[in-house]
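Just below is one structure, and these are the notes that go with it.
Chains: A, B, C, D and E, in written order; residue numbering restarts at 1 for each.
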Amino acid sequence: SKEKETSSEKLQTLNIGILQDTDSIPILIAKEQGYFKDENLDVNIEQFKSAQERDSALQSGKIDGAISDIMAAAFANDGGFNVKITSLTNGTYDLLVNKDENINSLQDLKGKSIAISKNTLIEYVTDMILKKAGLTDKDINKVSIPQMPTRLEMLQNGKVDAATLPNALATVAMMNGSKMLDNSNNLGINPGVLLFTSSAVDSKKSEIKAFYIAYNKAVDYLNKEPKSAYIDKVIEDGGFPKEIKDALKLPVYQKAALPDKKDFDDVIKWLTDKGLIKNNYNYSDLVTDEFIK
Amino acid sequence: MKFNRKAFEYFYALLIIFLLWYMISQIVNINLIPSPILVIENLSKTFKSKLMIHVEYSLFRILMGILLSLIIGVPTGIIMGYFSKIDKLLSPIVYLIYPIPKIAFLPIVMLLFGLGEMSKIFMITVIVVFQVIVSLRDAVKGIPENIYYSIYSLGGSWFQILKEIIIPASLINILTSIRVALGTAISVLFFTETFGTEYGIGYFIMDSWTRVNYIDMYSGIIVLSLMGIILFSTIDFLGIIFCRW
Amino acid sequence: MVKVEGLTVRYRTNEGYFTVLKNINLDIYDGDVLALVGPSGCGKSTLLHVLSGIINTYDGKVTINGEGINTKKHKIGLVLQDYGLLPWKSVYENAVLGLKIKSMLTSDDRDYALFILDRLGLKEFVRRYPQKLSGGQRQRVAIARALILKPDILLMDEPFSALDEITREEMQELFIEIQKEYKVSTVFVTHSVEEAVYIGKRIAIMSKSPGTIKQIIHNETYGLKDKRLCREFYDLMIKIRKDIKEEWST
Amino acid sequence: MKFNRKAFEYFYALLIIFLLWYMISQIVNINLIPSPILVIENLSKTFKSKLMIHVEYSLFRILMGILLSLIIGVPTGIIMGYFSKIDKLLSPIVYLIYPIPKIAFLPIVMLLFGLGEMSKIFMITVIVVFQVIVSLRDAVKGIPENIYYSIYSLGGSWFQILKEIIIPASLINILTSIRVALGTAISVLFFTETFGTEYGIGYFIMDSWTRVNYIDMYSGIIVLSLMGIILFSTIDFLGIIFCRW
Amino acid sequence: MVKVEGLTVRYRTNEGYFTVLKNINLDIYDGDVLALVGPSGCGKSTLLHVLSGIINTYDGKVTINGEGINTKKHKIGLVLQDYGLLPWKSVYENAVLGLKIKSMLTSDDRDYALFILDRLGLKEFVRRYPQKLSGGQRQRVAIARALILKPDILLMDEPFSALDEITREEMQELFIEIQKEYKVSTVFVTHSVEEAVYIGKRIAIMSKSPGTIKQIIHNETYGLKDKRLCREFYDLMIKIRKDIKEEWST
């Protein structure tokens, strides 16, 4: 890698915001394994505890890109902040039911309460799962609990009958006896994406390209190495609960790819149907294939 | 006439803030700071249809929260201020609990009080009550000893001392602590209205924020401000009525 | 009867304990009028604070009719040196505070209160707050409060010090009149030897700090009419002035 | 000896709280409320190695935040309290801004101050400063007019009036408002330390929470409480030193 | 010279404006000692508040040496009726407050301050806070503050009202002594006709509220030694007493 350093021009630092979810793991690995350094790229990873903080940092230009989702991208553009989706990320979202509830199929959810966070990917996934079972908003009682750990506790202590949680916390719930009814992976939907601000897309092209080279290397690493080789580090840096170390089922990571067009259109339809965005976005409006061919 | 003057002052304050805001929005010209004109336009269009219901929910929660904080905090503070032995027992406990971020106990509160109104009001109360206790305690401690002399010599009961001396002497401080409590209560709405509800101005702001709808968000903030001003003015008015000496 | 036996009072200051009153022995008979004269800072106010139950950590024994001071039971009328008015109560409310605390504000009381306030020249100020009164007016409110209570024991700390000569004499007459009618046992502190002799049945002379009681003089002129025209009145004044000059200037 | 007694009082308060906590944890027996014994064990093992550094960061932020709030809030409050004309101009503005949930301005704060220390300190300051302003203003308003008379007749300058009258007369209230501010500052750490940092006791608590590690979370809360107690005691101590009359 | 021309002062109360002083005309010459006597509540304190610059909304004209009252320029020594001590300052700090405000606390001043405090019998209390003093001691601190300032104009509101007779006489002597030395123009309010005649060069008698000046009497006995042994002294007292009795009792 020494030769590379001399050959290429100096790259700018790339600031990436991540949340505590499994989508972020390839980035953590890339940093950890020095893949960014190999590309002569400085990546500064900023951890955020909530989507609001991540979006604030993005909107104020303090980070160039972030692990996010299609709805956040649509919201941002609708609010006048131009961001571009550059690739898909991998994560699953599980719909769980309390262990003491006698709910064995999606149909049993009728009349029950589900904890979600409103107008986010969590609600989207929940809606999609319910739709598959032929249920609508009227059939169930959605309860908004934005903080994920609180949602987890409410589920485990029977304050709600069901809840939708991301992979890591869902694993905790399942370890404690909650049952998974369905998840986004089974449905084949994947709204998680990596996005960059359009100013970063314009001014940090080579950086983003270098970033994806490292990202793909990390995906290779994840698919090749046994979980035990990296899980401790991932748990530590990713902010995951220690006790899920063995139980955690990581998603199958894919090399950087563009999101599915159907996924995208479904999300936009969901958003426009609910009146959450004013503009109707086409795939090409928000997604750029510049970095992934 | 007096009322008119007051209204004028607020009007002028609003004007200044809007002017400043307008100037900043024009200078920096980013979406983060939308022009106040757009916001007011949006507000005037949607207030009745969209925002009113949120205001009603929030108002109820704030008033209940403040009321509970006062019901608990005022007596506790007064007793701690007057009986230094009780102060010695309780103030370490207050000092220990006050700085704890109450939001960390949100799950426990939700377990105890459910997902409904109770837990929201409880959260407001538990955050605000300590400010009330500390202010009241210090106020009562600050009453000069010799004010009590006449009532001591008359053999006033503890209840009479309370009624004739302690409460009037610390009335200004009670009002101050209500003011401070109110400000805090309104701004913590934001955290208590994010769960288990789709109503409340805190929810509205947070939701607009998630949706990156800054115009809605600022509309909500303006409504919150106005709510604050109305409540604060009520207290000022009470102050004028009750502290006439 | 109020009985003070071996009373010693100390104040705590930064530099340690400071003895204010030392071994005071004093009897106040029923219907007595004891004038207390002493140099500034000798502990007169402190003594009244003890008698009125404000100070209750002291050595010695203070009893009223054989039992300890019980402010709930005894009606103690007190005129404090700094008046002790409550700024948030109007003149009228301040004046009837004593009755209100003793919970017996009948309409007769109200009439009596207004009568006293009128006699004290405060009629037009009943609805004012103390902060808007002159010094002498405030003092009269304090006097009114003590008198309106119709107390068993009346303790007055320089009650007429802020009044002009004419008002002062009116007040003295009023006091004598009320005292005659209700026979209330009274201790009153005064700086004026003339006043002590004019009003007092007995006159106690205190020493410089730490305060002790040096002399108790029985006032032969007590109850005389038109005292100020009597020779004995002036003789007693001269005697007392001589005594205190010797006593206090050392 | 005095110090020992104080320490004893706190010790006893801690004991009571731990006992209560222990009983509750035994009765309900859910992992949301771990036994205090486990927490203290964890704390004693990890305090030096894990928590110390968080405490240092947080302490710095709190002290800076409080300091800034006082530097801004005390003069503003005093001026508003003394000059009623300025009060009439400024209090509508204060009343308008105070209840706004400052967190909603996070994007703007980030824009102005970045993700680092500055924005955290600013957030604390902006939340706390209003409480300081309102308390101080009311305190200065409450100083009885006649206290000023001697200095007026001596022709004291505004600065002398400030130094000889206003500050000593409102010193108790300044201390009270520092107490209230401190409690608030510590509990908002929680919201300001969640971005752009991996240090700070607020971060530690939040991080433990999202990791569903309640033992760590409660360890952090205990540390926060103890921090509070130490800071509160310092103020009590200052009060004894400065208010000796 | 202090010149008061057509001074009228009103207070605002809940019931409207209340006229306290009405068309007061008064000259205070350099080195003058004007004793002000008036019934309680007639506006004596209010007049001193005007002269000392505390009240500055009034009708009429008040000038010192031809210009308006300027508290920054003139050194005004003021003894307030309620003393006006600052509770957070020790006796010494309270006493030198005037000098400190006028920013000239030299070591000579310190010596003078201690000398005055000693003369007022406050030596042992210099480090105490006012709340721990007796009424008379507080009053003496207030007097000390006014004297230590070595003022151009000295305004005293019943300065000796809380002092026993002996101390009071000592204070009177001290005042006369200082007045002789520094020739400070003085207005002092008193309730005691005897004191007015003993100290005053001129004696102003005020009417009942709303206060006006009824009479200004030139005191022929001013400056006499051992006044209290002079016939004229008593004659003047009797005359004044007669006048005020007529004047105030209507």
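The rule is simple: contacts are C-beta pairs under 8 Å (C-beta built on N, C-alpha and C of every residue); 3 or more make two chains touch, one makes a residue touch a chain.
Keep in mind it's a predicted model, so treat the numbers as computed, not measured.
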item: Each chain counted as touching subunit A and subunit D at once; value: B
item: Per Cα centroids, the chain farthest from subunit C; value: A
item: Chain centre separation in whole Å, for subunit D relative to subunit B (CA means); value: 17
item: Whole-Å gap between the CA centroids of subunit A and subunit C; value: 84
item: Centre-to-centre distance between subunit E and subunit C (centres being mean Cα positions), rounded to whole Å; value: 27
item: Distance from the mean Cα position of subunit B to that of subunit A, given in whole angstrom; value: 37
item: Sites on subunit A at which at least two other chains make contact; value: 52, 55, 59-60, 149, 153, 157
item: Junction residues of subunit C - those touching two or more other chains; value: 14, 82, 131
item: Shared interface positions of subunit D, touching two or more other chains; value: 32, 107-108, 111, 146, 209, 244
item: Residues of subunit D touching subunit B in the complex; value: 9-10, 12-14, 16-17, 32-33, 88-89, 92-93, 95-104, 107-108, 111, 127, 130-131, 134-135, 138-139, 141-142, 172-173, 175-176, 179-180, 182-184, 186-190, 202, 205, 209, 217, 221, 224-229, 232-233
item: Partner subunit C, residues of subunit B touching it in the complex; value: 146-147, 149-157, 160, 164-165, 168-169, 171, 243-245
item: Contact footprint of subunit A on subunit B as seen in their complex; value: 31-32, 106-107, 110-111, 114-115, 194-198, 203, 206-207, 209-214
item: Subunit E-touching residues of subunit C, taken from the complex the two chains share; value: 11, 13-15, 37-41, 43, 45, 81-82, 121, 127-128, 132-137, 140, 157-158, 161-168, 191-193, 241, 244-245, 248-249
item: List of subunit A residues in touch with subunit B within their complex; value: 51-52, 55, 59-60, 72, 75-76, 78-81, 118-120, 143-147, 149-150, 153-154, 157, 159-160, 276-277
